[in-house]
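So that you can tell them apart, the chains are marked A, B, C, D and E in the order they are listed, and the count of residues begins at 1 in each.
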Amino acid sequence: MNVPSEHLLVLAAILFSIGAAGFFLRRNVIVVLMCVEIMLNAANLSFLAASRMHALKAGATGPSLEGPTFAIFVIVVAAIEAAVGLALVIALYRNRQTVSLDALTDLKD
Amino acid sequence: MNQAIVDRILSAQTLLATGPFLALALGVLLLVLVETIPFLDRLRPVVFLASLAAAAWAATRTMTGPALWVFEDTYVANSTTSWWSVLFVASTLIAWIFGKRYYREEARFQGEHDILLLTAASGLVLMAGARDLLVFFVGLETLSVPLYALCAFRRARRDSVEAGMKYFVLGAFAAAIFLMGAALMYAGTGTLTLSTMQARGELLESPLALAGAALLLASLFFKISVFPFHLWVPDVYQGAPSPVTTFMAIGTKAGAFAFLLPMALLLPTRSAGLIAAIALLTIAVGNLAALVQTDLKRLLAYSGIAHAGTMLLAIAGDLNGDPQTGAASQAILFYMAAYTFTAGGAFGLVTMLEAQTGRPVTIESIRGLQWRRPGVAAALALFMLSLGGIPATGGFLGKYLVFSVAVRAEMVPAAVIGILLSVVALGYYLRVVVAMFMQPEVEGRPVPSESRVLPAAMALVCAAMVLVLGVLPGWFLENVR
Amino acid sequence: MADALFYVMAIGAVLASLGVVLAKNPMQCVLSLLASFFALATIYLLCGFQFLAAAQILVYAGAILVLFLFVIMLLNLGNPGTEDPTDVRMFSRANAGIMVVVAAALLFVTALAARRAGHLPIGREMPEEGLDPIPGLASEMFGRYLLPFEAISVLLLATAVAVLVLAKRDRRPGNSAPLPGDGP
Amino acid sequence: MLQQAPLIPAGGAAYDWLWLIPALPLAASLVAGILHFLTLRSRGEWKRKPGAHGHDAHGGGGHAADHQYSESEQLPGAVRVADHDAGHGHAKVPAGIGALGAWVAALSMYAAFALSVKAFLILRDLPAAGRVLRSSTYAWIDTGTFPIDIAMHLDPLSSVMTLVVTGIGALIFTYAAGYMKGDPGYAKFFSYLALFGFAMLMLVLSSSLIGLFIGWEGVGLCSYLLIGFWYEKGWPADAGQKAFVMNRIGDASFLLGSFLLAQLYGSLDMAAINAGVPGSISSHATELFVAGLLLFGGACGKSAQIPLFTWLPDAMAGPTPVSALIHAATMVTAGIYLVVRLNPLFAASPMLLAIIGIVAALTAFVAGSTALVQRDIKKVLAYSTVSQLGFMFLGLASGAWAAAIFHLVTHAFFKALLFLGAGSVIHGMSDEQDMHKMGGLRRHMPVTFVTFLAGAAALSGLPLLSGFFSKDEILAHTFGNGQAGSPLYFALWGVGILTAAMTAFYTWRMVALTFYGKERFDPAKVHVHESPPVMTVPLMVLAVLAVGGGVLGLPVVFALPHLLGEWLEPVTASGTAILQSAHGAHEISHMTEWLLLGLGALIALVFAHRGFHRYRDGIASDVRAVETRPRTTAFLMDAWTVDTKYTSFIVGPIKLLAFVIAVVVDAFAIDGLVNGVAAATRGTGSRVRRMADGSIATYGLWMGAVTAVMAFLFLWKS
Amino acid sequence: MLNLTNLVFLPLVGALLVAATPSKAVGLQRGLTLLVTLVTAWIGLALCLDFDGSTAAVQFAESARWFTLPGQIDVHYRLGMDGISVLLVGLTALLGPIVVLSTWGHIHQRVKEFMVWLLVMQTGMLGTFLSLDLVLFYFFWEVSLVPLYFILGIWGGERRLYATIKFFLYTLAGSFVMLIGVIWLIWTAGTTDVMRLMDVAGRLPIDTQTWLFAAFALSFAIKVPVMPFHTWLPDAHTEAPTSGSVILAGVLLKMGTYGLLRFGLSMFPGAAIEAAPWMMALGVIGIVYGALLSMAQTDVKRLIACSSVSHLGYVVVGLFALTQAGLRGSLLQMVNHGLSTGLLFLLVGMLYERRHTRALDQFGGIAAVMPVFALFLVFAVLSSAGLPGLNGFVGEYLILLGTFQASPWLAAIAVTGVIFGAVYLLMATRKMLFGPLVHSENRALTDLGAREIALMVPIVVMCVWIGVQPNAFLSRTDGSLRDVQSRIDRARAVRTASLGEIPVHRLEPEAR
């Protein structure tokens, strides 16, 4: 594949922004979590794109493995966050029978 | 497994360097063990404290002597990180001791609570030692994830769950920003390790790296809670169980600063102005908003925001070229140490009062406190003065050191503005003192007058530390480099 | 051919992600997300990251999304008509515009960075074993990044504890409302 | 600084007893003060149990007086004065141990007089050029650039002053011992009086301008305390306050003058200044003029000259012996003393002398005209005093230093006599001061009457009495200055003559109204009586002095020595020399002098006669004057309305300014700004807190937005 | 025993002792506090008597390394007495027992706490005057705020909370700005030793000097307080308990003027010369303004407080006249103001204890029922109004003389303060003491008791002593003030040279 790496980066940026937009717009906690997952994926894509970029540039001696390693960690962390997040959702639902973030305004100035 | 790798990893040096983290991690494992085996749960406090003690001891081993760079420079143990580790241990201890007998319904989950707290502490240690974005990220998550759960720990309560949820959602967002930033840094420089990045100095000026640095900085700002990344802080601090709030106030901030310091070296010099502006805005917003608070936890939350801004000023100064290398780090460490004991003590006493009365502690509710609890009132007053930076307390010298960084870096106008804004802070600190000492006791539902031994002792220790740091800082200043 | 597939997949990922943001029913969101993950996995593969592609499918699609699905089902949120009304009206919110603008700004900034970085030519052939050789990853994971690896294992343990605390049903009645899935 | 060897005569321990002259009254003052408190204690006023409403002499007296005051309110003009001395007549209490106070004070004064005489005798035996006694020096203030040292400096001038002060003082102390009998603050009164003696002696004996200032302000203080002695009535306290403040205005001027002199001569020793002046006339004329003017400003305050004269009539609120001693004989003459003491300085600037002359003539005329219509006997005397002080300054303005001192001395004699006589009258009339309610007293109080006549004759300048010589000497000098080429002085002389005429008129009006005619009071109610010997003996002594005092300074044409002039010659020589070098020596011819003497005698006799005859049968003239020329009478009655104008144009605006500053500037503007900053801070706080609206979306939005901005800023400049 | 460490920290030790007493043992607390302050006073006065004023050298110096700041700048615990501090130390030491004695009458609640704060305050104030290390000075400077804050806030009047917060924040704002100045100066000069700083700082570029001077002067100006920054003072004084007012007026405000002298003039003579016209103008405005303000007051305590603005205006003018006479006068006037205004506050407090009001129109004629009180009040008023022979005159005269040497016109305006001072003080005296006893409550007033008289006698004695023999005090300041003068003269010469002018010899007295 000869796609230049910056196209990958731009794609990652687009995905990140879509995720962020979703984060701002959606009220449903579960959907917001999904949007965060999109953002994490975008980050992962950037890591990989960067890794590819460094690995394939002239004069590189081998693969740049920090990116993929980080990506693996990110996947794990994403799983952890999803688990905790969803547990929180359950606790929240028990509390108030809703999963809307707009309901979370008891604490404010 | 590759023998070379094993050799490399299990060297004495590595163990020495990662000692504090290992001690805490081991503590977590042991706690889980203790929790699962029926008859051992009495050992829980022992394990917990032993783990902390071991971590502290391990940290003292690296306090002097040369810096230990391990794992291909992704992790370091030097004097500063060791001090940070000691501070983290202290923070954990403060939060834990003041949290004794705080929980009622959730008391049966005390084991889980301790596990999560210790995990978070281990995350802090990792963050302070990290010199690699990946390591730091994992440390950050190791800190954050348990905290998300801890915030919502009183899960039957609306405010607790709300706090946990808010912290989690925003924390996840910040984590995503961090990752994107790290990825861009990596794209720009081809590495995740700070020392290597610094070695490739010119690449730091590449657009990708700059954008990445901005995003990284933003996510760190979220953790240290500076304007406008601070908005979650009051809500979460108020809603979270008070022991957790205590830990967050003094722990999280310290961890983020511990990494921000080496991280700041990667930032372009011209960002000093931006950072200084953010710092000043933070001081302003924190103090101004605190001025109109009535809930003590919220008030202290905003005060903490202002303090974060003050410390950020030192970083701005460092970036702008403080001729005294290492002074910013020392200043922030000292400031944070003072803040740990001061805010730790203050939050801790609030925790204690809340536990005793079962109600949120407000300025109204502590009116005339000195009649019933003179010791508590006196200690709280001392903490307030220290937070305000009055001499003879650690807060003063911290302020002195931080502002001297700014002054040396020729940011005098910023320093003047900053210090004038911190005059505002005394407005609300004094309100607390006024309520306790100068107003009549509140009618009905008074604070019980009997004291609890452990929190009282801890408060005494905090107060003593505040005074020692304020009056006899010599030893500390000489040993923290 | 590979290039074309990349762009197709890229467009697919974008569309699927938009689907997550725009779909009204959480169930549709999950499905869109799944599509997005698959598209990304394909791209990883195209770029030479075989292991990551596999992990993406296995962990993300296989584990995480199932978790999401599970919770949605548990809370009975998947049925039509149970959508959060505030969530549905998201675009009618006054500051929705600002939100989109902010997201666009983020995009702009990142894209600007990529743009300013200039053309990044490919100077080398893709190696045979791809860009994420398993031995290499392993040596990174267990060598250089052993410490975070350990930490994350502790974290996983702690997560289990955390989830346990948070989601455990309270035995005492009246303390918290039952979930729709809780038995009588 | 002007450098020349200052001719300060060396002092020595041999004359350290000079310190005793002021120190004795000071000690007496302390003793009397202690006696006062002992009296209070024995009376049980001090150390009362809380809540005990026992008999309260002070308070009771005050209330009675207050009551009386309100009754007499309908009487215009005489209102403030009608019951001046009322306080002491009521609620008489035994003085107890305090009775010793009077004798302690009087003894100290007699002792001081004795020492003064001793000093005079020593001085007389010295050669004229070296007639200075100087004690060793006390280093008072080290200013860092020059020291302010004080020594007791006794030269002919201060010798005259000490004799007058201690002599007349001793007499008045004696008189007061009788006059104040029964007053609850008996010992206190003598404590104040003795303190005054100290201050006045300090004033005349000090070698340093600032040492003089100690006395200068000290006498002001005593004046304040003594005017307000019957403070329960309120307005005496007001009058005292007014006196102090007006004196302070002068003092401020005095201080500035002293700074300038210190700047010029690097010393405040008056001998040094006098020695330095001749050398700096040409080079520092302006400075000398300004310094002189500023000092004269001080003198105006103390000696009640325009524009600072309005306090003196009010000062009559004090007990009459006080008026006699302080407000007639001694304190008010301090200004004259100052000018003579620094005569070279004043002589150095003709312009300054002209200004002094104008002020003096104006004062003399305004005060004299005011005295014409007063009904209160003490007010007549008060305005007369102001007028006579004007005369003295007129003499100074003409360079007649010795003549001014001569008039000072004779005036001290006869005015003290008149005041004491008036006091005796008031005493005998049970505190009545309105002459319209007197009349025919010569039958009731023969001794007082006779002595009063002597004083009146001297004051009005009837030939061969003391006032005649001293006044005419001043007028002659003024006329002589006019002849010497300053036409202004002819005008001043004219005013002087006019004033002399008025003086004769009002003096004899007073005599007539008080002692002649029918009794305008009810003898059944008012038991008129002659005063006891302790009061009348001093009157007699003073009467002798008033009659015979003229021998001290007989006119040149009498071909007898001018004793005082010769005595003072060492002091005045320098000033006179400066004047002569400016105008050349000038002597008026004998012919002119005879003419002037004759004119003076004629005017005195004619106007004395007119004043006496118009009023010897009663008050009809006054009533007629009020009816026919009400506005003029009111104008004169109110002393040309100067005081009223001060109240409305100076005091009022200052009070208004103070109010504006306190309310508008301070409370509203400055403090408002401070509180405004605080309020604005809180307001901003309230607005800032609204950022935290609890919504995650908002928080996230802020984060995202600022992240984008930060990234943009980072990239922008790259 | 007779050393500065004992002097400074004895009260603190006493505070700890008092804190350890049982809270009901009021008598013990009072006695102990009195004892401690008496011993402190003895040490302080003995040291002041031992002090040799002929040299500018620091005496009784003590020094020990405290800690090290970044840049290897050693901060020392450095105490020492010189001619600038000697009088103020004496004043502080003297007022200590007097204030404690005065509390018998008005502090009946929470006595222990009060005594503790009083003693802490004493340490703070003595430390401020005796520190010869900039950091140590700042330390004491701010620490001394705290006790007064509590004293005002707990034992104050009705609006005490407003007053106390205003006082604290206002002065703190100044102090914090000064902190920046302190930091800057220490960094630039590389030392914290005040004596060395005096040499180093004076050689800094004039711009730096000016900024530093501004930072320091602002703080001191607020503390003094100089005219536009004064509004905290009347509020604080009005609300403070008597003893608080006495300390505030007697000593605390002097910290401001002391600071101006030591850290303003001595340290930055160049900048001080530049600023002198402005500061003098402010001082003169303060004199007149404060006097007029006092005239309009109806609350007698507020009146005295406003008069402080006027009196301290003199001190500021005298300092910035930059002449020997001005400096001496100012230094002496600091003490004078402490004595006479302290006396006034004591008296007003005693009256308040009896009558529970401070409104002028509630009095009148009380001289009749309280003759001893009247005697003391009149004495205090005269001392305050600057009657020759009493302390106030010497200070005022020297200040005005010094001002005249620097600027005759300003002196001419300043001298009106002499008049106005008499006006408002006598007006207040008139309204309180004289006139008829209108209010029946006043008839029952009891005169001062033995304790009250005893505690005022030392002040009276000092007032007379200073008035009669000022040289005994001035001579102790001689060496140091000549040193300050020489610094100023040098800076002036430098300035003249830099302006390219030939120094003009003005008509100015020379030292003999």
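Just so we're on the same page, a contact is a pair of C-beta atoms (placed from the backbone, for glycine too) under 8 Å apart; a residue touches a chain by one contact, two chains touch by 3 or more.
Source: prediction; values computed, not measured.
Undergrad: Whose C-alpha centre lies nearest the centre of all protein C-alpha atoms?
TA: E
Undergrad: With chain centres set to the mean of the C-alpha atoms, which chain is at the far end from chain B?
TA: For chain B, the chain whose C-alpha mean is farthest off is D.
Undergrad: Counting C-beta pairs in contact, which two chains come out on top?
TA: A-C
Undergrad: Among the chains, which is located farthest from chain A on the basis of C-alpha centroids?
TA: Centre of mass proxy via C-alpha means gives D as farthest from chain A.
Undergrad: Between chain D and chain E, what's the gap in Å when you average each chain's C-alpha atoms?
TA: Inter-chain centre distance comes to 36 Å.
Undergrad: Between chain B and chain E, what's the gap in Å when you average each chain's C-alpha atoms?
TA: Using C-alpha averages as centres, the distance is 43 Å.
Undergrad: Need the CA-centroid distance for the pair chain C / chain E, whole Å please.
TA: 70
Undergrad: Roughly how far is chain C from chain D, centre to centre by C-alpha average, rounded to an integer in Å?
TA: One centre to the other, that is 101 Å.
Undergrad: For chain B, write out the residues touching at least two other chains, lowest number first.
TA: 134, 137-138, 141, 145, 148-149, 152, 155-156, 164, 166, 169, 173, 180, 184, 187, 207-208, 210-211, 214, 234-235, 289, 292-293, 427 - these are the residues of chain B that touch more than one other chain.
Undergrad: Multi-chain contacts in chain D: which residues touch at least two other chains?
TA: 678, 689, 691-692, 694, 696-697, 700-701, 704-705, 707, 711, 715, 718 - these are the residues of chain D that touch more than one other chain.
Undergrad: Give me the residue numbers in chain E that touch at least two other chains, ranges are fine.
TA: Counting only residues that touch two or more other chains, chain E contributes 169.
Undergrad: Give every touching pair of chains, nothing left out.
TA: Here the touching chain pairs work out to A-B, A-C, A-D, B-C, B-D, B-E, C-D, D-E.
Undergrad: Which stretch or stretches of chain E touch chain B in the complex?
TA: Contact set of chain E toward chain B: 65-71, 135, 138-143, 145-146, 149-150, 153-154, 160-161, 164-165, 168-169, 172-173, 176-177, 179-180, 183-184, 186-187, 211.
Undergrad: Which residues of chain C touch chain D in their complex?
TA: Those residues of chain C that touch chain D are 95, 98-99, 102-103, 105-106, 108-110, 112-113, 116.
Undergrad: Could you please specify the touching residues of chain C with respect to chain B in the complex?
TA: Touch residues, chain C against chain B: 109-110, 112-117, 139, 142-148, 150-152, 154-155, 157-159, 161-166, 170, 175-176.
Undergrad: List the residues on chain E that touch chain D in their complex, please.
TA: Residues in contact with chain D: 166, 169-170, 228, 230-232, 289, 292-293, 295-297, 323-325, 327-328, 365, 367-369, 371-372, 382, 387-389, 393-394, 397-398, 400-402, 404-405, 408, 411-412, 415-416, 418-419, 422-423, 426-427, 430, 433-437, 443-444, 446-447, 469-471, 474-475, 478, 481-482, 485, 507-512.
Undergrad: Give every residue of chain A touching chain C within the complex, in rising order.
TA: These residues of chain A touch chain C: 1-22, 24-28, 30-31, 33-35, 37-38, 41, 44-45, 48-49, 51-53, 55-60, 62-66, 68-69, 71-73, 75-80, 82-84, 86-91, 93-95, 97-100, 102.
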